[in-house]
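Each of the two complexes below includes chain A, the first together with chain B, the second together with chain C.
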Partner chain A sequence: MSPDAIPPPPQKPFVIQKARTRFFGLTLDETIRVFFGGNALTAVVVLALITFFLFREGSEFFGQNRESITLYRKAGLEYVDYMRAQQESHTALTRYLFDIRLRAFKQLTQDQGLPPAQANEQLADLDAFAGRYSDTIEPVRGFVSELTDVAVAIKEKYTVNRDAEKERAQFLAAGMTAEAAEVKTKAIDFKAELAPLVGVTPAYVEAANGVAAAIKEMLPSLPKLPASTSGFAERLERFQELNRQYLATFPETQKKLEAWDFQKPVPTLDTFTGFIFGKDWKTASFWQDWYGVVPLFVGSLMVSVIALFMAVPLGVGAAIYINQFASAREQRLVKPAIEFISAIPSVVLGFFGIAVLGQALRALSQIEALSWVPGFPFSERLNALTAGCLLALIAVPTIFTLAEDALNNVPRAFKEASFALGASRMQTILRIIVPASLSGIVSAILLGLGRVIGETMVVLLCAGNRIAIPDFTQGLTAFMQPVHTMTGIIAQEMGEVVRGEIHYRALFMVGLVLFFIALLINFLAQKIVRKYRVSIG
Partner chain B sequence: MNTSSNLTTPKSANPYAHRPSRSQAIEKGVLSVFRAATYFILICGAIVFGDIVFKGVPTVVNSFKTTADFPYVTNTFLFTAPESLYVFDYDGKSREMGDQEFRAFRATEEAKATAAGMPVPAIKATSYVYSAGGIWPCIVGTVLLVIGSMTIALFLGVCSAVFLNEYAKDGPVVRFIRLAILNLAGVPSIVFGLFGFGLFVLAAPTVGTVPVGEIHLRLWPLNYYLNFGGWGVSLLSGWFTLAFMVLPVVITASEEALKAVPKGFREGSLALGATKWQTIRKNVVPYALPGILTSSILGIARVAGETAPIMFTAAYVVRDKLPWEVEKASDFFFQGVMALPYHIYVVSSKIPQNEYTARVQYGTAFVFLGLVALIATASIILRNNLRGRYKW
Partner chain C sequence: METISTTPTVTVASSSGATPASRSFKVSSAPSDAQPAETLINIENFDFYYGAKQALFDINLKLDDKRVTAFIGPSGCGKSTLLRCLNRMNDLIDGTSVKRGKVTVRGIDINGGDVDPIELRKRVGMVFQKSNPFPKSIYENVIYGLRIQGETNKTRLDEVVEKSLRGAALWDEVKDRLHESGLGLSGGQQQRLCIARTIAVSPEIILMDEPCSALDPIATAKVEELIHDLKKEFTIIIVTHSMQQAARCSDKTAFFYMGKLVEYADTRTIFMNPANPQTEAYVSGRFG
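For the complex of A and B:
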């Protein structure tokens, strides 16, 4: 203000004087607002932190897995596994043969009432053939068992050396040079070490060709089963076919063995695909650890499918009944009761499964009158079915509550218009109300799926915990086999792993997969509700 | 049914009597299917509940014992720690004893035998872990976990809901927050467990006088260091893990309760010159609080019932000391506890299923189920009452 300007009239002091407290330049009210806003951000922060920590602990998995696969190659384990694959296919074929024998024996003794001795006599030809057949692989087996030892020894040497190097690095980091110098390390010359392994290739190939020739020679002499049995012609034909397929793989294996190079680098992508599409989850083995999520994912999916198969009809049916048919009194009683079921802790349900349901289902499956049900009878008490049944009970309240809400939100006018046009009650419900609320029902089912797939204790206690992809070739029997799940494996193995090891990282990766599946399901549920909502008005 | 059949069948006395048509029959059939589905669910729930209650009640009821001092009665199942059970044959009788009792018994028998100059009797006993004694430490641990995590969750949840309902205007940030809350509700509990393990157990900040690890901050000018060594398997880790897990439930419940407070309450207060904060504090939150608390009880049931998140963050398989038996007060927060759901997992998966172990298995499941059911029932009843109470 320039000095010659007219001075402004003196301001009257404010009648109400109030000093405003300020924090960091904010008034009290603004501070409070910021404080509440900060709290509201927790949800965002937690979600971000979950992602970050799962990544932080899990991301190193790929590097470690690559290292592990590189060692697998360098130490010659991969090489031996080619041979082992050949041996194992042969073993599988032998098993197929024995399976045929077992069935034939059962038919002879049980269906035709022959005494076992006589049945054995009739099958003597087959036995002789099976014996000779299983012996053909012996030369290969010899190679495999010998080379297994060699490869394991190389791996062992490498591991010892790596540990020593680590120890030295630790000493150096701590500034103890004297101790560090004392730790002896010896770099491993893989080429020299592998020489005895690679050197046998010609001999092995020769042996394998011998096996192939022997099998080829034997096959025409495959004996026929006794005339009184039936239905084995196709099986024997299939056995022949499988053998032909098996023999066709021989040149390929030979090529693989000859082209094998221990120095071939492992592509980074392999470690990723090896995790996502890997069919083995093998840990703490003397040979090679594999971390493939497929068996776990399939297990999770199977129990979820069983659970939803039961829970969807029950939950949606109950929702329709309660919303459309039930009297007010029935509603008041049933709704809290179903909500109450949702409060049963999952670990209690799991315990119920172990103590009661598993045995009950097994006993049920062994009832003679029910043997037409696919998969019955089964012998495992804890399997995918047991877990699925209990998970259904967990999913039902979720599906029921949300589906009932969706039905409730259908405007009254829809119903009235339908009645006015002369539709019956059932027509109105099935053709008008259910389609109008379908988006809500579908999202209820999806949220039920999310609930089921993330459930831990029930599957940990009741699913049987066998890490293997069930055998789907026999149809629905697969659903009565024990499985392991993604949630279950984390809960079971997390307590036993060493922090920072590859196994620990792998479990976090499984957690990450689970996390993203959950987010995806949630996203889809919201999307469906929003996109396909029938507009009201 | 057609008219000709009406004419040819003279059975019905009243020719105008209602005859069920085909579609009506179908309708009835479908209706009964739906009804069957509903009651099938209820029956399944009742079977689970009934089985556990029926087999679990005797464990608790048979454990009442009289004592010499004040309450004169106690329950050995509810109020003692778990012990191993010893089953053995002695003097031609089969006996079952808890750990302490068995030691005392053996000592007296041996003393008797030596006094009588006989060889010391060899007692061959089969032992079953955790199958004798009670579950007192587990009950205590569960209660502590629930109290702590619900305190945190209620604080964060109510504040978030106040922001979302009172302050926030619809915009990208708020929508993003709502999306995050929705998604957080769908995250599997085991993932929360992993997250809690990665963050709270392994990497949470602690204050100490010595620096630990590669990353640490000095709290200048004090001679203290902020380390990131984590809290270990502890109550604190469990509290935060469970609190974050239950947060979406609490936020949704609180927001609903806040929404139920009529707009006039806020407007009246603001019109009288109160600030926003005064309005919220005096005229909104007090009326919403009963609703917030009752709806949050359902969250309590969830916190108490979850096992997966505490498996690697707070729960111990066995711990001899009770939580308050600590050397210094700060240790209280950094100790692991036994918890009922985890104990059920341990006794149902780690020990065999037989007549000796069933007592503890069913007893624990019953007590736990009873506790959770009580909380859930309270929530449902209170909510129904509340619906009728406030009318504005």
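For the complex of A and C:
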């Protein structure tokens, strides 16, 4: 071994093991994993719970609704309603007649400048006829008002008895046997109670036939309007026709009354269809409560249609402008401004709607020069149009932002290729950029729709809250009528209902319908977006 | 004029092209028709700016009609910028401006006030570095240029599709699936589809911005062959990073460096006997 041989360097130990910090027996990585995984799990669990409780609270509606409809039949309300329908049809016809008179009067006084007294004189024949016509229904009206009291009394008895039974059950459950025995209940013999009601059928049928005969007899004597008026021949002919249709329903009503049986069971399906297709939402009524979602659904749909009708051109147009035309400065200015709209609390927007927009729209509709617009002029300040305009404002930022993203995702190369082939800017936008981002734009619109359907405060404040299906026979006028919406009704009535009552359940059912609509919209939007990713490649 | 009978060969130290194994360029022969070419595009004292930054300095260049001219040079030397000036594609970029000089095509100043860039682009087509067929069918891709000009005659459109696809050597491969998406084609096919789309509007000049840089050698060979055929009808200006490609397909070559035109001559001269030492250094692969 030579003296200057260098000793080999000491071997560096191969240390790869290390003690790790542990929290509750978990390493740092595992802790982070548990933390984030836990958050994700909580979100899923909460969603599942919401769905579960929505279903649980809503599902009992059907049983209660069935009970309600059964009582409606057993207490004879249904029976009285057959008669009432006849009376109400007659009232509608009388109104039709008065409407003709009103129009004729207006023509005479306003267009021809006759003094009111003279106009009234000319219309005296019609007035006499209308008076006699309106009196024909009197016999039926008598029956209806008398029997209404009977039916309501039966229903009242049943309700009192049911409440007593509930009270007793509660006492028993609490172990208070003595008190439970105190509570008096008495089963109701519907058959006996209904006897005065059903016994009346022959008399009523006779009265109804009398009404029919009276109408038939007086129809030919329907007077003509003064020769100086015009355009009423058709209306009078229509009145005759409506009367013929009305009279044709008499035998059917008679058959229904005679075949009516209070014991006929209510099919389970009726409780479901009665909700989904029911045209009435009537609550806290002395007569019968109806829970039909259609007027609310139609209201929601109408305001959404109005909102999208305005928000789609505005949102998509603004997105195209900002993406394709605007200078960098304009972009910096306009983008935050539009996005800021979504920062305005919707209750503030609703307030704006009541205080400013509703007034302004009504004033606008009353301008003479604009009377050609369908639905103008209107007198309701708060209606579907007002709410729709404000909802459009809410949908615009969503549609704008997402549509702009979609346009941004179109590769620049497409645009350049199109320009290089001699396309103008407009051709490039319409033929290349918009088609390439179309699915993105459509899903933006769908998400905007989701935003609008779910909006509550604005519609509650500005839609007018009249629970009725607007009259679509007048065309677009329907959009200027007040409506109520699914979200609005939940917000308005949920605070006032008794927990567990049928009304409470019905509101949950409305919530479920909303839930499914939102689910459907999101599903469609996602499906379209997925397709869009594939097509761009 | 005497045509060159033997293919000249240049040996270089290395190459940045697709075939590193080969160390030699085949320089294409002089134009086969051997007629002196006319000048089609004339660039005079041309300065071009991106905002405040000058990208092109005093370019003077005459480009020949029905010939292939190659622009070569290292990245950022301004060759693509100049190419895009020829059909005013730079108009689409904010802040660009021509500060001095002019570009004339057949004597008309293309930056003149009465020139419609849309009309200009119909006459000066462009093929891009990355193939960019529209997300439409092959058929619709080819006739896009005609559609926007308002052509609706089905027979005429069918004719143009076949002629253009044949012209781009793609017809046999796609004739049975004209109505399938253009995005379903391979990279090379897509690039030829883009060429078909460009020639469908029958331009006079075709600008090609590194048309083969994203293609494999076989697809590249096909496109180069196509360029050779196309020059019978069109004037072609091609920007390329591959010196073999410039050598193979062009008649004349312009070498740019730092926004300036360093040398412009017959391709043969540029590769075999460059006058400028920078050109020599670049084509022999010592820098770039």
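The working rule: the second predicted complex is superposed on the first by the 499 of 537 C-alpha atoms of A that agree within 3 Å, B and C clash if a C-alpha of one lies under 4 Å from a C-alpha of the other, contacts with A are read in each partner's own complex, and residues count from 1 in each chain.
The working rule: a contact is a pair of C-beta atoms (placed from the backbone, for glycine too) under 8 Å apart; a residue touches a chain by one contact, two chains touch by 3 or more.
Keep in mind that what you see is a predicted model, and the values were worked out from it rather than measured.
S.K.: With both complexes overlaid on chain A, does A:436 touch chain B (first), chain C (second), both or neither?
M.R.: The second partner, chain C, only.
S.K.: Kindly classify A:416 by the partners it touches after superposition: chain B alone (first), chain C alone (second), both, or neither?
M.R.: Second partner only.
S.K.: Which holds for A:264: it touches chain B only (first), chain C only (second), both, or neither?
M.R.: neither
S.K.: Thinking of the overlay built on chain A, is A:424 touched by chain B (first), by chain C (second), by both, or by neither?
M.R.: both
S.K.: Looking at chain A, which partner touches more of its residues: chain C or chain B?
M.R.: B
S.K.: May I ask you to decide whether A:487 touches chain B, chain C, both, or neither, giving the answer as first, second, both or neither?
M.R.: first
S.K.: Of the partners chain B and chain C, which touch A:49 in the superposed model: first, second, both, neither?
M.R.: After superposing on A, A:49 lies in contact with chain B but is clear of chain C.
S.K.: Can you list the residues of chain A that touch chain B in one structure and chain C in the other?
M.R.: Shared contact residues on chain A: 424.
S.K.: Of all residues in chain B, which touch chain A in the complex?
M.R.: Listed in rising order, the residues of chain B that touch chain A are 23-24, 26-27, 30-31, 33-35, 37-38, 40-42, 44-45, 48-49, 51-52, 155-156, 159-160, 162-164, 166-168, 176-177, 180-195, 197-199, 202-203, 244, 247-248, 251, 275-277, 298, 301, 304-308, 311-312, 341-342, 344-345, 348-349, 353, 358, 361-362, 365, 368-369, 372-373, 375-377, 380, 384.
S.K.: Give every residue of chain A touching chain C within the complex, in rising order.
M.R.: Residue list for chain A touching chain C: 327-328, 411, 413-424, 427, 431-432, 435-436, 535-537.
S.K.: Looking at the complex, which residues from chain C come into contact with chain A?
M.R.: Residues of chain C touching chain A: 87, 89, 92, 94, 118-119, 121-122, 125-126, 128, 130, 132-136, 144-145, 147-149, 183, 194, 197-198, 201.
S.K.: Quick one: in the complex, what on chain A touches chain B?
M.R.: Those in contact with chain B are residues 28-29, 32-33, 35-37, 39-44, 46-47, 49-50, 53-54, 56-57, 313-315, 317-318, 320-322, 325-326, 334, 336-341, 343-352, 354-356, 393, 396, 400, 424-426, 430, 447, 450, 453-457, 460-461, 487, 490-491, 494-495, 499, 507-508, 511, 514-515, 518-519, 521-523, 526.
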